[in-house]
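Following are the structures in question.
Here chain A shows up in two complexes: once beside chain B, once beside chain C.
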Partner chain A sequence: MVAHRLLWGLVGLFFIAFPIIVPSDYYQHLIIIVLMWVVIGSSWNLLAGFTGQISFGHAIFFGVGAYTAGIFATKLGISAWWGLACGGIASMAVALFVGWVCFRLRGPYFALATLAGGEIFRLLATNWESLTEGMVGILIIQTFRSKLPYYYIALGLALTCVLSIHFVMKSKWGYYFVSIREDQDTAEAMGIDTALYKNISLLISAFFTGTAGAFYMNYMGFIDPEVVFHLNYISIMAILVAIVGGAATIWGPAVGAFVMVLVQETFRSAFFGLAPKWVSQGHALVFGLLVIFVIMYLSNGIVGDWRKIKGIFSRAA
Partner chain B sequence: MPLLELKKVFKAFGGLMAVNDVSFQVDKGEIFGLIGPNGSGKTTIFNCICQFFPITSGDIIFNGQSIKGLKTHQICQAGIGRTFQVVKPLARMTVRDNVTASAFCRVNGIREAQYEADKILEYCHLDMSSAKPAKSLPIAGRKRLEIARALATRPTLLLLDETAAGLNPTEVDEAIALIKRIRDDGITILIVEHIMKVIMTISDRIHAINFGQTIAQGTPQETANNQAVIEAYLGEDYA
Partner chain C sequence: MAVFLQTMVAGLLIGGIYSLIGIGMTLIMGVMGIINLTHGQLMMVAMYVAFVLFEWLALDPYVSLLVAMPALFILGGLIQRYTLNPLIKVDSILPQNQVLMTVGVGTVLTEIARFIFSSNYKSVKTSYSSSAFFLGSISFNLPMCIAFGVAVIFTGALFWFLLKTDTGRAIRATAQDREAATLMGVNSERITVITFGLGAALVAAAGCLLLPIFYLYPDLGRPFTLKAFVITILGGMGSTVGAIFGGLVLGIAESLGATYIGMGYKEMVGFVIFVLVLIFLPGGLKQLTKI
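And now, the complex of A and B:
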């Protein structure tokens, strides 16, 4: 399978050299956002795809990470980059509380509880003005003019996240997570402390999502509660990224991040200016259609059902 | 000292007394059978032993210590393994991974766990299916997988819940042989079973319940001839 490895090597090299090959600010921004979603999607996938706990509230961790970085800058007067180091840790602390509350519930009830959690944190950020500046949001001066450093930080984050999850899933923890997903009661009867391992999965997931949030603060320079705690644009997007790409696979969320950001951007820019203006509102509709299509025909996502996709093309040829 | 002792166990679900003053002892090395018609409370008793829910009153003593109030996974770690009446394969994992996950209860490290799993799969005659997803196994294989998973936790006491249900006569004979082998290797067995052939041939002692209450206890012969037992089973199929 030398050709296979060569291909992946080339893909890897492309991403490493991308900002140098493509000097456009616009495309660099797009790929940085894709890389951020690789992190968030992979994190969600660890908790939901592999451990079976479907969270509708990952915005909690993204937002907490973002605000940690922002508050470091505005309240503590230290660089928001410290937030990058601490955003993940702050998210883990919040995750302990979220897990304590929400893991009493299972399945759709757990999902609803996390959804409510996301909204609660959004309202907290909106109203706790002394801490978060409320709807005014937090504005910081970006450290770098060029996007290059941000690109490589995002690339580093994405690689660290995906590889960490890969190694976790290969370990005893990986077996335990999947056992809990398949049947929690059986897992308990097999000697697995399901409460503990659900929380471990959540902590890892929250850590990377929070780090992504802190990165977002540093990169964009501006956050407010509506942006970082948004139900649709953060929590639901994380779910779509993982499902379309392939839940319960290692590279699925990476593929999903690429596809979903691409679709989102294609519609937001009305097919890059080629289509009439009203098309730009259509991305939500297309997301919905895409999810329906995936659930009906490619229920394991693009990566999960890759054989099926290849089969369609070989038959057509 | 008995390995397992149930002392005046009561379990109520709201107004329904599912387990009503049940007491028995299981001695080390024996095969202890629990019989009763559908809905009599047998699986509930298993769930009580494994603490899937707290018991209403009474005590359960394992190896001289009360296990009341322990969490289910702690009970497994203490040495009680369990199979489920409605088989629960970890469907999307392979057969080998099912048992490997279980083996982590006693060993650390992937290689050790996989080695343990392979040994147990061979013991349970599942080694041919080891790489297949668990959901692809037919019912007999799934029942053996339940046992294999429980064995991977190195139990001192194995709770078997209707291991022979749904099997054809050949498969039933294989199940009986496997259970005897497990007992001969030193594991005490508490078995719930409907199929009389299984329970009567392998049990050392039998405890019969109906509507959550004890109706008879003794050797297979005594229990089979017990009036209350015959009445309770009137209309049931005999295997």
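And now, the complex of A and C:
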């Protein structure tokens, strides 16, 4: 137990001290993106992994959060940082509607309805030019030139998100969520208001994803509908992050975010400039292959299949 | 009034092709219980097959249909055999991993096409590409009419196949109750492979029919996947008759949307219908006709 705490302390210290140990902007940027994905992956995991409602449309909440921050800056003329406070709330408002429509459906049909939802929002953001600037996108001036403030904000967000989900899952709500995943009809029969708790799970999930979106707007300074509402690079990526790490585990998505961002960046940068340049053109191909590989061989994720992975290595050794 | 009629005609013609695309997806949905999110990408592959044949051998896209359909039948069968069927045995918390797998396969197909052909727009210009004839003041685009006619023929052939042949009966039996079909001696795993191949071949036909009219680029697949998906939901899951009407409704609705709301919202009309169907008619058109 003491060793356990010591390990967590060391991991915590490492993250706090990381920008000081590694002063490179590039690596700090990577970790910021990883932390953002920790937030999105964990929130997807709350809804899908724990509550069993697989969403193919988390880009809805990410995009709404990002656009809230962006529109604050361009249309209302106030700082995009207000979006960090309101992006999550705007996402929750959208989630209420999405839940109202999509929770009429179960299982695969729910997943597909959310997928269509994501496309609707992408098309809406593309065509509603008076509000969103359409395909031109929204460009704002970043507040800080250094990566440091963004790093600590992202770290705070990721920590808040993972810990909140940890505590939610330890509470009575957490047990309700899992019971809905295991057998919705039985849960209903036991007197659990499944519609209510599915919506609660969706709202929490949407809140954190929206906040991550607002953070993305502030950090990157530019969004357009293809970036924040992208099916593959947001919705499917969120699923992959959670599955690679381990769906229905608290720390799985955090591990998954590291692996996924690292793998993606390795190929995008063509093995950090070591491989020939055409490798970087194939990063989308690698993304697809990764989807196939993960589902076939790692369906319970690194954390979920940890024993299996350890077994393979100890047998090999 | 003329504008309205013209819009309806254009919508009906494209709707016929949408039906052909939708039927393939509906078949797969009926037998495997999953939405095939790589459907449009398979069509894109078929279009590139026809495009290559046109460039090398100057084959007319309507002739390449005879090459593209078997090719896609095999490709579809392989996808089912080697990526989707193994997943039935994989134990996972997430039951939707087959759907996710089709997304992965679709991405791979798109990116391979981009690797080979680059993202540039390609087109096949035939002598009849932009020819049209008139009935009164309404113009009929000739390749569209041919495509509509061939789509109707294929749909008829599919119905004959499903209703009259042994394999067709086995497919319908598997769709109704997989376990019962297995007990009756149907090799359900083989049926899934055939069904996926069949769906891929049908969408390949649609692709070849569209080639003289549409631009071709690797990302073409995704919008068509989503259309097929909307048609499947609109028609009612697994209902082939529903898919035909779903395709026609979507074609006409898109056409009306493009004329009266704006080109940009054309794609969205389909999704708005989709949401409305989910709210007010969750069983799709099938619910109305009970077929």
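The definition used in the following text is that the second predicted complex is superposed on the first by the 297 of 317 C-alpha atoms of A that agree within 3 Å, B and C clash if a C-alpha of one lies under 4 Å from a C-alpha of the other, contacts with A are read in each partner's own complex, and residues count from 1 in each chain.
By our rule, a contact is a pair of C-beta atoms (placed from the backbone, for glycine too) under 8 Å apart; a residue touches a chain by one contact, two chains touch by 3 or more.
Given the structure is predicted, the values throughout are model-derived calculations rather than measurements.
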Which holds for A:188: it touches chain B only (first), chain C only (second), both, or neither? first
Looking at the overlay, does A:267 come into contact with chain B only (first), chain C only (second), both, or neither? neither
Partner chain in contact with A:108 - chain B first, chain C second, else both or neither: second
Please tell me which partner, chain B or chain C, touches more residues of chain A. C
Per the contact definition in the header, classify A:62: touching chain B only (first), chain C only (second), both, or neither. neither
Once the shared chain is lined up, is A:178 touching chain B (first), chain C (second), both, or neither of them? first
Is A:208 touching anything from chain B or chain C once the two structures are fitted on A? First, second, both or neither. neither
In the complex with chain A, residue positions of chain C that touch it: 33-35, 37, 83, 86-87, 90-97, 99-101, 103-108, 110-112, 114-115, 222, 226, 229-230, 233, 237, 262, 264-265, 267-268, 271-272, 274-275, 278-279, 282
Chain B touches which residues of chain A in the complex? 170-172, 175-176, 178-179, 182-183, 185-194
Hey, which residues of chain B end up touching chain A in the complex? 50, 52, 71-73, 76-77, 81-82, 84, 88, 90-93, 97, 100-102, 104-105, 108-110, 113, 149-150, 152-153
Seen from chain A, its contact residues with chain C in the complex are 48-49, 54, 56, 101-102, 104-105, 107-109, 111-113, 115-117, 119-120, 123-124, 126-127, 231-232, 236, 239, 243, 247-248, 281-282, 284-285, 287-292, 295-296, 299-300, 304
